[in-house]
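The following block contains the structure, expressed as structure tokens.
Read from first to last, the chains carry the letters A, B and C; within each, the first residue is number 1.
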Amino acid sequence: MKNERKTTFLLITIPILALFVCFNTIPLIRGVIYSFTNFKGFGSYDWIGFRNYIDLFTDARVGKSYLFTFKLAVVTTIVVNVISLILALALNSKIRAKSFFRGAYFLPNILGALVVGYIFNYFFTYILPAVGAMIGSDSLSKSILSNPSSAWLGIMVVCSWQAVAMNTIIYISGLQTVPEDVYEAGGLDGATGWKQFRYLTFPLIIPFFSINMVLSVKNFLMVFDQIMALTKGGPAQSTESISYLIYNNGMSGGQFGFQSANAVIFFIVIVTVSVAQMKFTGKKEEQL
Amino acid sequence: MKGKAVRHFGIALCCIAAASIQGCAASGDNGKTKIEIVQYKPEAASYFAMVEEKFNAEHDDIQLKISSPNDAMTILRTRFIREDYPDIIGIGGDINYSYFVDAEILADVSDYPGLQNIKQAYRDIDEALELVPTEGTYAVPYVANAAGVLYNRDMFEQHGWEIPQNWTELQTLCTQIQSEGIQPFYFGFKDTWTCLAPWNAMAVSLAPADVTKQVNRGETNFAKEYREVSEKYLSLLQYGLEDPFAYSYNDACTAFARGEAAMYPIGSYAIPQILSVNPELNIDSFVMPANDDAAKNTLNSGIDLQFCVTADCKNKEAAYKVLDFLLAEENLQQYIDAQIAIPCKEGNFTLSPMLDGMNQHIAEGRMTDYQDHYYPSEMAVDAQIQTFLIQKDIDAFLKKFDTDWLRYNRDIIRMVQDYEKSQGN
Amino acid sequence: MKEGMMNKKTNWTAMVVLILGLSAIAFPLYMTIIIAFKQPAEMTNSVSGILSLPKTWSLDNFKEAMRVTDFWNSLKNSLLITLLTVALSIIIHSLMGYALGRNKSHSKFYSFVYLFIVSGMFVPFAILMMPLAKQTAELGLANWFGVIILYVVFYMPMNIMLYSGYLVNIPMALEEAAKVDGASTWRTYWKIIFPIMRPMHATVAVLTALAVWNDVMTPLVIMAGSDQNTLPLAQLNFQTQFGTNYNLAFASYLLSLVPILIFYIICQKQILNGVVNGAVK
């Protein structure tokens, strides 16, 4: 009996793992190999040892992009998870027109980057400054995207606007796993509102909280589409994310080898951050 | 141990699966020579569809296929890495072309008779784009574009303004326009690449045409050669909007189309977008008068589209037939009309009236290639210029330009110096 | 228990929050719709100009957008790729999620495999792009089928996380009961676990479909040179460096939004219906 179970699991795991290795691990290894060359993306190349990696640590532009990306990722992750938790709770409670609301809040996630980019560009360039001028706010009456110190806020807003939908869906499906009788029992003990959430609901959806945190941090650390749609790295190179550099200079530019090295380091960084995160939330799960 | 065995097993499995799929792929063949073109200007897709159809109707020995994909450079690179080369590629005369020549992807077409009819100025540009001089010719220039200043012709006539011939006249004109309560220039600096348009247009008249090559040979530096351009560029800003970095290329096109500014320093390539907003707008253009000596002002013009036969092309003769067809006067004229382009071929072509102000320079061949065609894209000179225009610090900008140049061009500089040595210099 | 839920009063606090939040969605949507109906000559840089209604409500932009993108063909390709990817993902990822989720807490091997696959999520696509382009071509997979295989691999990490996260709340007792009846693990999975995970299937379906539906890079790189277009690939037509027809583009994006929205609404019902504890009891 026990053996049958073991064999079944192995027979499931091995072919799927093989597929994964074939189309993820092997190309990754090939990519890592390029990071030791001065390959442009075509033509011949030379082996240059660790030059790319040494360059990476002395490149101010790369350093700046790491700072920007982490700042953006941390703030956006917090904003998105707070909003989507509230939305998920609201959408999961007894409300009218439930399907309508769920559909509506899903929309931002499906609008293409071109549309989102155009509309928010318009919003930040013309509408927000007009509102700012109306209420007499100096800082708001100029486009926030044209100022190197505030452009990241615009990107934060758009990233959050788009990402909330996905995190909400995951929270909603997490809330489905909370048995109704937990609330009934809690209701008897007088747990309502915040208390009910803090001590009853939240502990039960921690696996989903941790998935959302990992996915958010990952998505925002790898932010690319929103940058392309809104600022293309400007103004004054203040919003160049790591993925933006890797893609633009590696794929479109002639720095394929160098940016492969950047991607390798970046990969290691995200894995480290995420494993730490999972360990942390894993501990929380056990505590509760 | 276990993990390793698993991996080997997996790879084997993948390969078997893949092989079985590959077996199914079969293709029909009708005995015709197939020529495939991939060209990078999707905006001209309908023109090329027309060419394809017309060509195939007239030739029964060659089957021509032209694709005009979006993001063609990514597609080309992808196909190069797969070693799946189209027969002919249509690309711009920029640093990608230089890289492709260097990577020996392109075939020598110096035996192509049609080359004789291509204007010398453009053939020289292609020669200059080669990282180190080579024996052969690797591209057939097709059309060029030009960048200077677009202006609202009706507005100029109404106010009696004249086209400026030198830098002082330009400044006087701008002050004049401003005093009449009109916006002289509109900039779309939110899109960093638009920062390059005035830069190129001024640099051709103020810096040596081969400044990048001189720097690569270690003969000069940008701090010296680009100082005047930088200073003049900064002084242009006062004639634009207060916060030009808030507005995109598209905003600027729309604003200019709606008559919100008298002039727009951008290339001829922007005209279709402007006309889409206001088809009635009467546009003309003039050469950016960056120099005080009008005789030294040259038109910023580069190869917008050229055709290169790949080294992998099996049937060069058929490829040449296709090139002949593309270069046939009536076809080329159609392209020029549709895209407001400048032909690279000698001959009696009718240019768009929107290039009237540049006609003399074009006719006399007083043209110089875009400086940015020599900049590696990963150096992001456009973004550096935008940063400079925001921070307005000429020294810091030029210093960074010089250090970054050496960093991003390290391999090229070494190649150039090796070449110089081998030539005994 | 269901009765109890039905009898609860409408949560008005939640309603107020949701209605207020709706403005953040309604406004961009309003802009998208009116721009999709306008002509390029109606585009301005003034706030009142952009917010005003189009002069005429004509469907010409939509017709033209459908022509430019070869809508029905591109739609067919997009649907094919999306639906097959979703179906394969649900089968493969739920199985893998089950195998890993049930074993990773007590087996070093499975917990390693879990971390190994999940970490695959963090590989920047840019580094995989060129090697994958080469590899898929070598394997004869430079077509829509290759794209599907890649998607199944790309979304495996996220979906496995989701499935094994969901399994935490599904008691082992269910499986043990089935085992007592003599059912094999394989059978137990399909008879009991797979149906219970329905809300998660719906979630995975939505998230995967969404990511696939909007993706440009994978088909661009893998299917380069083939004549097949997906909708997002065809929509690149509206955008060139020197000119973008926003009106046509917006019309086209609105069109391509409809199928995925319908798909989402269908799946959403599944997420709702599958209240787990009902099954557990």
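Going forward, a residue touches a chain if its C-beta (ideal position, glycine included) is under 8 Å from a C-beta of that chain, and two chains touch if they have at least 3 such contacts.
Remember, it's a predicted structure, so these values are computed and weren't measured experimentally.
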item: Most widely separated chain from chain A, with each centre as the mean of CA atoms; value: B
item: A-C against B-C, pair bridged by the larger set of C-beta contacts; value: A-C
item: Inter-chain centre distance, chain B versus chain C - centres from mean C-alpha coordinates, in Å; value: 38
item: Mean-CA-position distance for chain C and chain A (Å); value: 15
item: Contacts with two or more other chains, residues of chain A listed in rising order; value: 17, 19, 22-23, 26, 41, 250-251
item: Junction residues of chain C - those touching two or more other chains; value: 45, 129-130, 134, 239, 244, 246
item: Shared interface positions of chain B, touching two or more other chains; value: 14, 74, 77, 81, 251
item: Touch list for chain A against partner chain C, complex; value: 1, 4-5, 8-9, 12-13, 16-17, 19-20, 22-28, 30-32, 34, 41, 86-87, 89-91, 93-96, 98-99, 101-116, 118-120, 122-123, 126-127, 130, 161, 166, 169-170, 172-174, 176-177, 179-181, 184, 204, 207-208, 210-211, 214-215, 218, 222, 243, 246-247, 250-251, 256, 259-260, 263-264, 266-267, 270-271, 274-275
item: Residue numbers on chain C that touch chain A, as the complex places them; value: 1, 4-5, 8-11, 13-15, 17-18, 21-22, 24-26, 28-29, 31-32, 35, 45-47, 50, 92, 95-96, 98-100, 102-103, 110, 113, 115-124, 126-132, 134-135, 149-150, 152-154, 156, 158, 161-162, 165-166, 168-169, 179, 184-186, 199-200, 202-203, 206-207, 210, 213-214, 232, 235, 238-239, 244, 246, 249-250, 253, 256-257, 260-261, 264-265, 268-269, 271-272, 274-277, 280
item: Sites on chain B touched by chain A in the complex; value: 6-7, 9-11, 13-14, 73-74, 77, 80-81, 95, 99-100, 102-105, 190-192, 243, 245-248, 251, 376-378, 380, 383-384, 386-387, 390-391, 407-408, 411
item: For the chain A and chain B complex, residues of the former touching the latter; value: 14-15, 17-19, 21-23, 26, 38, 40-44, 55, 121, 125, 129, 142-143, 145-146, 148, 231-237, 240, 248-255
item: Chain B contact footprint on chain C (complex, rising order); value: 40-41, 43-45, 109, 112, 129-130, 133-134, 137, 139-142, 145, 220-221, 224-225, 227, 233, 236-237, 239-246
